[in-house]
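Note sheet for the following structure.
Every chain is named by a letter (A, B, C and D) in the order it is written, and numbering of its residues begins at 1.
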Amino acid sequence: MKLHEYQAKDVFAEAGIPTPESELARTVDEAVEIADDIGYPVAIKAQVHVGGRGKAGGIKLVDDSEEAREAADAILGMDLKGYTVKSVLVEEAVDFVDELYVGVTMDRGVGRPVAMVSTRGGVNIEEVADEDPDAIAREHIDPAFGMHDFQARKAVYDAGIDREVAGDVASILTTLYDLWEERDGADAEINPLMVTADDEVVAADAVFNIDGDALFRQPDLAEMEEKAAGDELEAKANEYGFEGANYVRLDGSVGIIGNGAGLVMTTLDLVDHYGGSPANFLDIGGGAKAERVANALDLVFSDENVDAVVFNIFGGITRGDEVANGINEALAQFDEIPKPVIVRLAGTNAEEGMEILNTDLVQVEATLEDAVQAAVEAATEVNA
Amino acid sequence: MKLHEYQAKDVFAEAGIPTPESELARTVDEAVEIADDIGYPVAIKAQVHVGGRGKAGGIKLVDDSEEAREAADAILGMDLKGYTVKSVLVEEAVDFVDELYVGVTMDRGVGRPVAMVSTRGGVNIEEVADEDPDAIAREHIDPAFGMHDFQARKAVYDAGIDREVAGDVASILTTLYDLWEERDGADAEINPLMVTADDEVVAADAVFNIDGDALFRQPDLAEMEEKAAGDELEAKANEYGFEGANYVRLDGSVGIIGNGAGLVMTTLDLVDHYGGSPANFLDIGGGAKAERVANALDLVFSDENVDAVVFNIFGGITRGDEVANGINEALAQFDEIPKPVIVRLAGTNAEEGMEILNTDLVQVEATLEDAVQAAVEAATEVNA
Amino acid sequence: MSVLVDSDTRVVVQGITGGEGRFHTEQMIEYGTNVVAGAVPGRGGQEVEGVPVYDTVAGATREEDANAAVVFVPPAFAADALFEALDAPLDLVVAITEGIPTQDMSRVYRRLQETDTHLIGPNCPGIITPGETKLGILPGNIFASGNVGLVSRSGTLTYQIVDNLTQRGIGQSTAVGIGGDPIIGTDFIGTLALFEEDPDTDVIVMCGEIGGEDEENAAAYIDEHVETPVVGFIAGRTAPPGKRMGHAGAIVSGSGTGTAKSKIEALGDAGVPVGTTPDDVAEHVETLL
Amino acid sequence: MSVLVDSDTRVVVQGITGGEGRFHTEQMIEYGTNVVAGAVPGRGGQEVEGVPVYDTVAGATREEDANAAVVFVPPAFAADALFEALDAPLDLVVAITEGIPTQDMSRVYRRLQETDTHLIGPNCPGIITPGETKLGILPGNIFASGNVGLVSRSGTLTYQIVDNLTQRGIGQSTAVGIGGDPIIGTDFIGTLALFEEDPDTDVIVMCGEIGGEDEENAAAYIDEHVETPVVGFIAGRTAPPGKRMGHAGAIVSGSGTGTAKSKIEALGDAGVPVGTTPDDVAEHVETLL
């Protein structure tokens, strides 16, 4: 779960990390008023969950009220990579001599957190990591002990941070790690961490992504989550509880519903393999009950690109009879089934499920390959 | 460093451990007023740093104002094992059906904390440990991870705590451990942890000793320290910064000053070996400067039991010349040296020290054995 | 023979009194699993499906000699349950629970390194030695006893591939669902090593997916250490970069790592044929037996 | 020969810019110790007594090939300095600092178990191989090269006994002050094992004190594993129960454990003569050589 820059900065600032003076604005008038209060130059920054805001025109530096008005007007409401900008952060422009990078994330390869420091801030750090990996000092953290103070110093000195600001940067890294740990961070980054001419360090941007699985113990952060990021289907998916990664919209015509990420991905791959094109990834998860199945079907039907739907369930925790009931329930609402549905059930209670399924409403196939081929054909027919 | 029962209970209660209603009183009138407020029966409990208060008459259970007055009057000002009682805790008497024990301490044998639970509360737990070690469930804690919740449960179920209160006791143990860890505890104990007829658990007594070496990061607890526990010499020792274990008064006639605990203990043993009797243990520690040496000498001179003083310094960090200056300084204050002082210097800068020493004021010996024998003789002469 | 579990495995079910725990305990017993105890704090002395429940895992191992655990404890308490299982200690712990916070698993993994316990999962379907025992939620009826070892990051995809194998009359020695989370216990390499040592595993099926570098690392390991023929499968060939698909680990990063292409190439370089469909995998296996 | 340190030992001094660090660096260099670096955060690039200072221990090991550290860092920062030294990694860390909080040391000790590093101390005088090198604060001039290994929980008492040995013309192979704190790194047993392996240590002197059970455990170890003759000394025979004497560990508990009597008996049972005075110890050693 992603925090917006302004939210992340609030959390960082509360923990004692220096941030520039700033305030959120939702209207042009608000933005200009705040900019006037702060004093120019200020930066006007779109608050959306997409990378590369700057290049896409989502950040503008302005020198007076008039420019502030123009910039706020341009940015508020603009479309950034599919997301509508609803608010901007109006922020004191920092006069910097250096841009650093500090970050904390989980290194899944070793199962341990890693703290990172680099003098190459202000640019895409993934590119730095690819082109010049030694430019980033990395310190793996023992999760039982947390970050030792010496590790923060080591990362900072190894990265070649100037002696004048080394202590401050180490202390910011320590704070960032502690926050990351206490608040169940997935990624925490300050990029750039700006250094001013008089050796002060300021977090000019802030990224703080939270582990979605840990939101139950971070209720205040969970409240900051901005669902319904713009796309109507994603909003609906959220509403139905198909959070983030369980529903991914793509641009094909075969709607795909299944249980278990690997199986659903494989279904997508098979659709492609048989000449079709997947409209979405939708994993209803383990142990889904009838209502969840009905919701899944409604969600995929709502996608106007979808011409046919393939339902692929291999039951372990999930029971075939529950799925069958869900499909029947969902389809019972329609006088006419809007799009052909091909169902394939296997595993736990699959036979019971097959018996329950109303074959007037759905086409039943015995194997995955047959089901996918049938769905691809059905979608092709619609388009023919 | 020891907290008083009332201080420990404040700390425990703030962390959420249930304690009986209670308030501290420093006068008889205060005690009666508080007892009347709480309602009878109440317990009147002496607040002194000695074990076995109950047996020594330091705790009385009273049923009305008159008894409360009598008890408070008897306890306030009484001498408990050498300590004058200056305050009493007036506390709601708990009607209990069971007395349990929970505690946390450092097991130096394995270098790890250990959490302990027993159904044998309300008695001296060291005796239980000696007589029936299996009656105490012990769970060693990994200091890198802290106590896992399951460990608290395991200790509680292993100890055979009744199912009805097991969850509450486990949760109190968890709180106690967390406190112990956060507040740099040395020993934390609740004995007894009382169980009432309706399955509530209440900390009827509380022990919380803090690691003296960690007081620098526990300033609020450090403030609770009650120095000058009664003995005038110990008060003076504290004032001079010979904290707790560095000055221990004994009942012999040979005053002993040295550097390093092992060497000073050995000097005591040698005094005994040569037929004398040590008046004290005084370790001036490593790297002592002249002033500290002078203070040490003044402290030992103040002990009226002391008839002769042996100074035994083997310099590593401590320098012989500094010690010699300190001895000269201390003795220069006297028109006549009050008690004979025998000095033995060895190690770092010992030769310089020997040269500095004013042999009009002190007797210098070359070996430890000679110095101790001379001191024993001098003390014997005074007593002859 | 088999790896990790057989009919002698004595299982304690952590979280046996919950809905899933109860249901799958019944299923496991029905399959023949030797479920000797349950462990749920505060529920000691009860029975579930005829199985005695203890307050602690230590109690279950002490009284019932359990040597393996299956964990159905909800995410908020799962890490504690895993620490408890590792402390018991047990030879094998199978964590079914989905949604354990990643930092919790990082700490569990840290402790795991200091033990001799095998942890399977979390967020996994479990492990089965067909005809002998199953620990987890795998649907027993699709498996058949045989000589193919199967290891997979995915749950239901495992069932799919097993089904394709069984349909062709190919049985399995042991099937291990290692789980799809970013941090898991025994990984591909650990499981491959076990199969390599097992005389009754003649072919290994390794079923991976996009995200991370585990498949690439496993390919290198196979190249160096595995004599037994391996057939691969990789899910997520059509997944677009930057979109996480279900599993927290299943994402092709912006910088291009974790792609199906890279994994398939690595496996190919190690001499591992990679099936294009689940049934294609079964067909490859058939030719190798 | 010697144990743990010799003229090849390359030392980094942590806290070299402090008063004690500077003074004892000078003393060590004068004795012949190969002090190759100092480590103090923020002081990298400076020099102390001609020794280059680095910001991190890692820097000192990388640039100067240090393999041992002496730690003079104040108590509040000492645990972090020890973690840093263990991380470097180094073969040997000698912690002089007195007054490190016990819980800090418990965590350091936990980490130490996972490393191959020898930690001497904390709250110890250090280690010396006479004529070759000393790491710590021991006064070099009282030592003489020879064949007696010495291990002691106490600082100045060590000097006393060494002085008695040297006065009698008995030199030392290596002398190790293991420190008097409740939690220390290498203990009696660890040091005895090293001396037992050292062909040039012909007699071992073990100098203990009241408190804990380390001497009793060491006696049992000697009985089983040590062929080299051992002479003992125990300080605190006259210490009354319940009164801590100086060292945090030096206390005879109320329940009677940790007494000098128990330790002297245990050593006696293991065939170890225990001297009544420091010079008596030296006399015993003399008869054994």
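Basically, a contact is a pair of C-beta atoms (placed from the backbone, for glycine too) under 8 Å apart; a residue touches a chain by one contact, two chains touch by 3 or more.
Fair warning: this is a prediction, and the values are worked out from it, not measured in the lab.
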Each chain counted as touching subunit B and subunit D at once: A
Geometric centre distance via CA averages, subunit D-subunit A, whole Å: 55
Distance between the centres, which are taken as Cα means, of subunit D and subunit C, whole angstrom: 49
Distance from subunit C to subunit A - Cα centre to Cα centre, in angstrom: 28
Numbers and ranges of subunit C residues touching at least 2 other chains: 107, 111
Residues of subunit B whose C-beta touches two or more other chains: 142, 144-145
Category of the chain touch graph - line, ring, star, complete, other: other
Touching pairs - complete list by chain label: A-B, A-C, A-D, B-C, B-D
Subunit A partner contacts - residues on subunit D that touch it in the complex: 41-42, 44-45, 55-59, 77, 80-81, 83-84, 87, 107, 111
Touching residues (chain side subunit B, partner subunit C) in the complex: 145, 148-151, 153-154, 157-158, 163, 166-167
Interface residues, subunit B side, partner subunit A - complex: 142, 144-145
Of all residues in subunit C, those that touch subunit A in their complex: 20, 24, 75-76, 98-107, 109-111, 125, 137-139, 142, 152-160, 163, 180, 182-183, 207, 209-210, 212-213, 235-240, 243-250, 253-255, 276-279
Partner subunit D, residues of subunit B touching it in the complex: 51, 106, 108-109, 111-113, 126-127, 129-130, 142-144, 181, 184, 186, 211, 213-214, 216-217, 244-246, 248, 250, 258-266, 268-273, 278, 281, 283, 285-287, 313-318, 346-348, 367-369
